[in-house]
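Okay, got some structures for you below.
Shared between the two complexes below is chain A, which pairs with chain B and chain C, respectively.
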Partner chain A sequence: MIKTDKWMIWAFVGPTVLLLAVMMYYPMIGTLIESFYSTSFINPKPEFVGFSLYNKIFSSGNFGIVVRNSLAWTIGVVFLQNLIGFGVALLLNQRLPGQGIMRALILLPWILPGVVAAILWRFMYDPQLGIINSFLIGTGLSNTGIAWLAQESTAMIAVIIAAVWKGFPFSTLVFLAALQNVDREQIEAATVDGASALRRLFDVVLPAMRKVIVVNVILTTILTFNYFDMIWILTRGGPRDATHIFPTKIYQVGFGQFRFGEAATYGVLSVLMLSVLVAFYFIAQGSGRNKRAKA
Partner chain B sequence: MKSALMMATAISLISAATAYGQEPVILKFWDNQQTESGLSQFQQAAVDRFESENPGITVEVTTIPYPEFQQRLLTAVQGGNAPDISTLDQIWVAAFAKAGAISDLTKMASDSDISRDAFFPGAWDSADYNGKLYGIPFNVDAWSFTYVNKALFAKAGIDPSSIMSWDGLKLAAEKLTDPANGQFGLGLFGHKGEDTVVVTDSFIFSNGGSVLNSDGSCGLNSPASVEALNYLASLVPYAPNGILNASSGDMRELFLNGSLAMEFWPALEQPTLQKSDLNWDFVAGQAPEGKTAIGTYGGWNLAIYKTSPNKEAAWKFIEFMTREDVNGDVVDLVPANIKAAKTFLEKNRLGAERIMKYLDNAKARPLSPVYLEVSDAEMAMMQDIYSGMPAQEAADKACKVIDAL
Partner chain C sequence: MTARFNLQRVLLTVLLLFVAAIVLLPFFWMISVSLKPATEPFSIPAKLWPDAPTFANYITAFRPEFRTYFVNSMIVSGATVAITVTFGTLAAYCFTRFQLNVLSLILGLVVLAQMFPHAAIIIPIYKMMKNAGLLNTRLSLIIAYVTVTLPVAIWMMHGFLAKLPITLEEAAAVDGAGPLRTFFDIIVPLSRPGIVATSVYVLIVTWQEFLFALSFTSTKEMRTLPVGMNDFIGQYGIRYGELMASSVMVSLPIVLVFFILQRQFVAGLTAGAVKG
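Take a look at the complex of A and B:
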């Protein structure tokens, strides 16, 4: 590489690096530093407190609840969203009449702004006026309306269902694109060899889509873990703390109570936990690859 | 001739600009929009009037939806971009004062015609932090008036005035509850929102209890407060299912469609009810027999930010906006100026006298810089109580949190 090339590379890459540094890394480092200071709105002069905010959070009963809820929420939404997304993608990949319109309509929940989708689900879950309870009572499945969002036993499931409805078209879109790239000759060869539809799915289609599935799962994990609007509008983390996840807790502590230092600490812990989750996927993916290589 | 005319025009423009001070002043005023009442139109008309009365001062009004308002203000203050003036929720004043974000207005007020007697006492007190005045009351309301569906009351043979006592309210709620037919007596709500707190406070205040004692310690677990909390818990069977995620807005829907006989709302609810087909009336709060119903103040104060370079002009604007002949035109709650409030209520609300009396008697929420944390603890307490935890245990738990703040 000649010297002029080096300068050219920096000239092209420099603005991007600078933008990343200013827009992404500066706030992240700022948040990390803030987590060691007891900064709040009423105490704007930062006071270094070391790890005491971390200790405070770890020793409070809330932290365990937030971690447990974040895991349940993320795993629940990611699993169902990708499962349903994949199923719908398989359907849309068939040569059926009205396929074009179906593909467009299926995107509707994903196109809706998060706030609108959440309000829509709030109406549907309404214990007295909601369409879900009307259906259950009308069909005799329940005698009285269920307060889906007001019971600790049902609130998390209810918010997960709403988020899955909002997010599955994204997975469908990604999977559909991947399905269309699966080698048709391999599928036809498997069919000629007498492989059943299920066998073709597991032995031909899924291995061919493996990379896309992994990327999609990682992407939806990150998006779901940081998803704020749906839970905030539906339950504000309630009833009690039944649906509090990291983003809602950060918002409550930061903007609800003006305690910026503690909110930053929750933010740092949230990034750490998300990193662990994503690392877990990468490790799982790596071990899967090694097993296949050995086989 | 032409040059003389130009000179004259220039002189008149300069003199207009310098009529107030040396240079033209642009005041940035931020307000929040709580209702869809078209208020901004009236505010703009008032601003035009202010500008014509005060040549050289221009007011730029920014109206921000209520859910975003607090966040926008915090970000602006933290970023050093605060406006000159804004409305501030009564419960934020102490925190903004402690943070050094807003100016002490004590001297400005004592040097002017603005004084405590012109405003509702509780509203004036809500701007007081450590004996200094950090805001001027702009608008007020009180939680809560109990709105009644007169048709349902008549059908059940209940006199609406009977619900002024705790016993009467409970008895009426019981008679008016018929879940099999989708009818409920009372709209209790216990979601994580400030409306849950203010209604709870009014029951506590009406029984002689308190949220914080005069020494700043928690008063929620005092016998009087716990008695009020137990009373609220005893009303649960007469409320629609789902209290823990229900808000005053949800109860409004049920009240409007006739499936709820009573709802708790401030006077702000009246325009909505006036537009409906309901035959309604209201009672100004409830208290145990022999005690007086005390409401919880809600409302907004006008504050001047410390970073404002135009404090004198900002004060003039505050004087103008809280004036008797202006205050009623620029608020969507009730004007904080008593005389303006009287005129406003007589013109726009049913039962003006009852509302005035209730406002006069209402109490502000604790004036603490950590109020929002106190409020969070109180919300958690109510969620515990409505989930079935004994009131004393829930109140002790909340007090443990509050006393550690």
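Take a look at the complex of A and C:
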């Protein structure tokens, strides 16, 4: 242990503490307080209203839609992104021709600025000019093309696909690095014992990567739940609220309608819902571990 | 046995090609449309490459406001990277080297802060910026970006610094070097790979940040590229050629930086994530 120098420690950690306190924790508390006050564009003077904004949101019907959409969006993106990310990582871990180049290129969607990715997908989904409908019409799968983003039945699936395309390379990157840390000898021993590739995957590789997978799922859940850019550019939460999630709703209510109190209330509720989601993972992970320990 | 093995390899290679197509086709489409002359119509089925490719869309898209957005993005991102990585390295060093209860508490608060939705804290921050007279300035964006990128930067530098052997610092201390000199003469030079990886990550995040920029800037003079791109959707209508040309120009700097520093970036990013 090197000598502790109190003065130096506070000089080094000070800026971080100051920024987090003023720009993260103070605003978080501010949002909580704000959610009890009603302010609007017409009436900018805050007025204490207790839980009435919460009541208003709970009884509006919008809230249920936003919760349901946030769940569908988060679970859909996280599940597909990590499943595909893992599959591609397994693929890139084989010695195949061209995999060196692919390892470099695979990250392109993830580096691409979110707004650009969203504009690109908006264009590809375009009913008249988009390449997706052009393909569907060209191959006879559809006669007129599908207005993916304009109809309630397909909008959510369309935004999820775009987000998965952009996000899965990150999961691949993490899983690929973890795969290279899996004990080679264990895999070889299982091969000698006659275990099939699938058995090796489930008995050796997956248990060894358990921790990485859990951490990555939690991380992608937080990032996806809070992801604003993709949906805002693709659909603005529409059509008819079909893709409104918490971040887009908060922005629309706050900066679109200047109902800051109500936006803050949505903000508090979004933190609560995300906490429940993350807590759920921790509980699920804990019980999974207990079961394994008992077996 | 070998026949089956070869078939398996062929199938996996085909699968890899399919993945490559899914990943790369949108990029190909973006570049193809950006080179399409305005006179050449979209056809069904779509033509994969224009008959007479031209840079005309790039020239029109590189209009004065685009240049302003570009400069703003460079200033804001550059300043954010410099400040975040400095603060992050300083803090991470303390978290890995000094065992104080208060430091563990702070590290816990840093990790927790990563969970705060930006949309949830943006309104109080907006009001603070407004009261400080900082709305619609680059400084307001820099302050916000440093704050939101700092937790991850600390996390990445923490993963890196924790692996640096402490013996070097002890040797320096024996030689009579003070803690400050030890940090700047020994730790900082040794941390270069970690600093590079963290810088690239912070750059990728800030270059594309949209929500704060959309909320805090109100005039063309102060907007950054992502918000500018968002405006273009309305202004250009369905002039996709220009939209795609500006998309390419927005993405190019970050893609270049990534490919130049890829090795160090991937190593640095996965070190923390895999260790978990």
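Assume the second predicted complex is superposed on the first by the 274 of 295 C-alpha atoms of A that agree within 3 Å, B and C clash if a C-alpha of one lies under 4 Å from a C-alpha of the other, contacts with A are read in each partner's own complex, and residues count from 1 in each chain.
One rule holds in what follows: a residue touches a chain if its C-beta (ideal position, glycine included) is under 8 Å from a C-beta of that chain, and two chains touch if they have at least 3 such contacts.
Keep in mind that what you see is a predicted model, and the values were worked out from it rather than measured.
The superposition on chain A brings chain B into a clash with chain C. Touching more residues of chain A than its counterpart among chain B and chain C is C.
By the touch criterion defined above, A:255 reaches both chain B and chain C. Using the contact criterion defined above for the overlaid structures, shared-chain residue A:91 touches chain C, although it does not reach chain B. Of the two partner chains placed by the overlay, only chain B lies in contact with A:144; chain C stays clear of it.
With both structures placed on the common chain, the touch criterion links A:215 to chain C but leaves chain B unconnected. In the superposed model, A:116 makes contact with chain C only, not with chain B. Using the contact criterion defined above for the overlaid structures, shared-chain residue A:25 touches chain C, although it does not reach chain B. By the document's definition of touching, neither partner reaches A:46: not chain B, not chain C.
In the superposed model, A:268 makes contact with chain C only, not with chain B. In the overlay built on the shared chain, the residue A:235 is in contact with chain B alone; chain C does not reach it.
Chain B runs into chain C after superposition on chain A, and of the options 94-102, 130-138, 148-156 or 202-210 the stretch responsible is 130-138. On chain A, the surface patch touched by chain B in one complex and by chain C in the other comprises residues 126, 128-129, 255. Looking at the complex, you find that chain C touches chain A at residues 9, 12-13, 15-17, 19-20, 22-27, 29-30, 33, 42, 44-46, 87-88, 90-91, 93-95, 97-100, 103, 106, 109-110, 113-125, 127-128, 143-144, 146-147, 150-151, 154, 166, 169-170, 173, 178-180, 182-183, 204, 207-208, 210-211, 214-215, 225-226, 229-230, 233, 238, 240, 243-244, 247, 250-251, 254-255, 258-259, 262, 266, 269-270, 273-274, 276.
Of all residues in chain A, those touching chain C in their complex are 1-5, 8-9, 11-13, 15-17, 19-20, 22-28, 30-31, 34, 88, 91-92, 94, 96-99, 102, 104-109, 111-116, 119-124, 126, 128-129, 131, 134-135, 137-138, 165, 169, 173-174, 176-178, 181, 211-212, 214-216, 219, 222, 225-226, 228-229, 232-233, 246-247, 250-251, 254-255, 260, 263-264, 267-268, 270-271, 274-275, 278.
Residues 41-44, 126-129, 144-147, 149-152, 155, 235-240, 252, 255-259 of chain A touch chain B in their complex. The touching residues of chain B, when paired with chain A in their complex, are 70-71, 74, 77-78, 95, 98-100, 179, 182, 191-193, 240-246, 250, 253-254, 257, 259, 369-370, 372-373, 376, 380, 383-384, 387.
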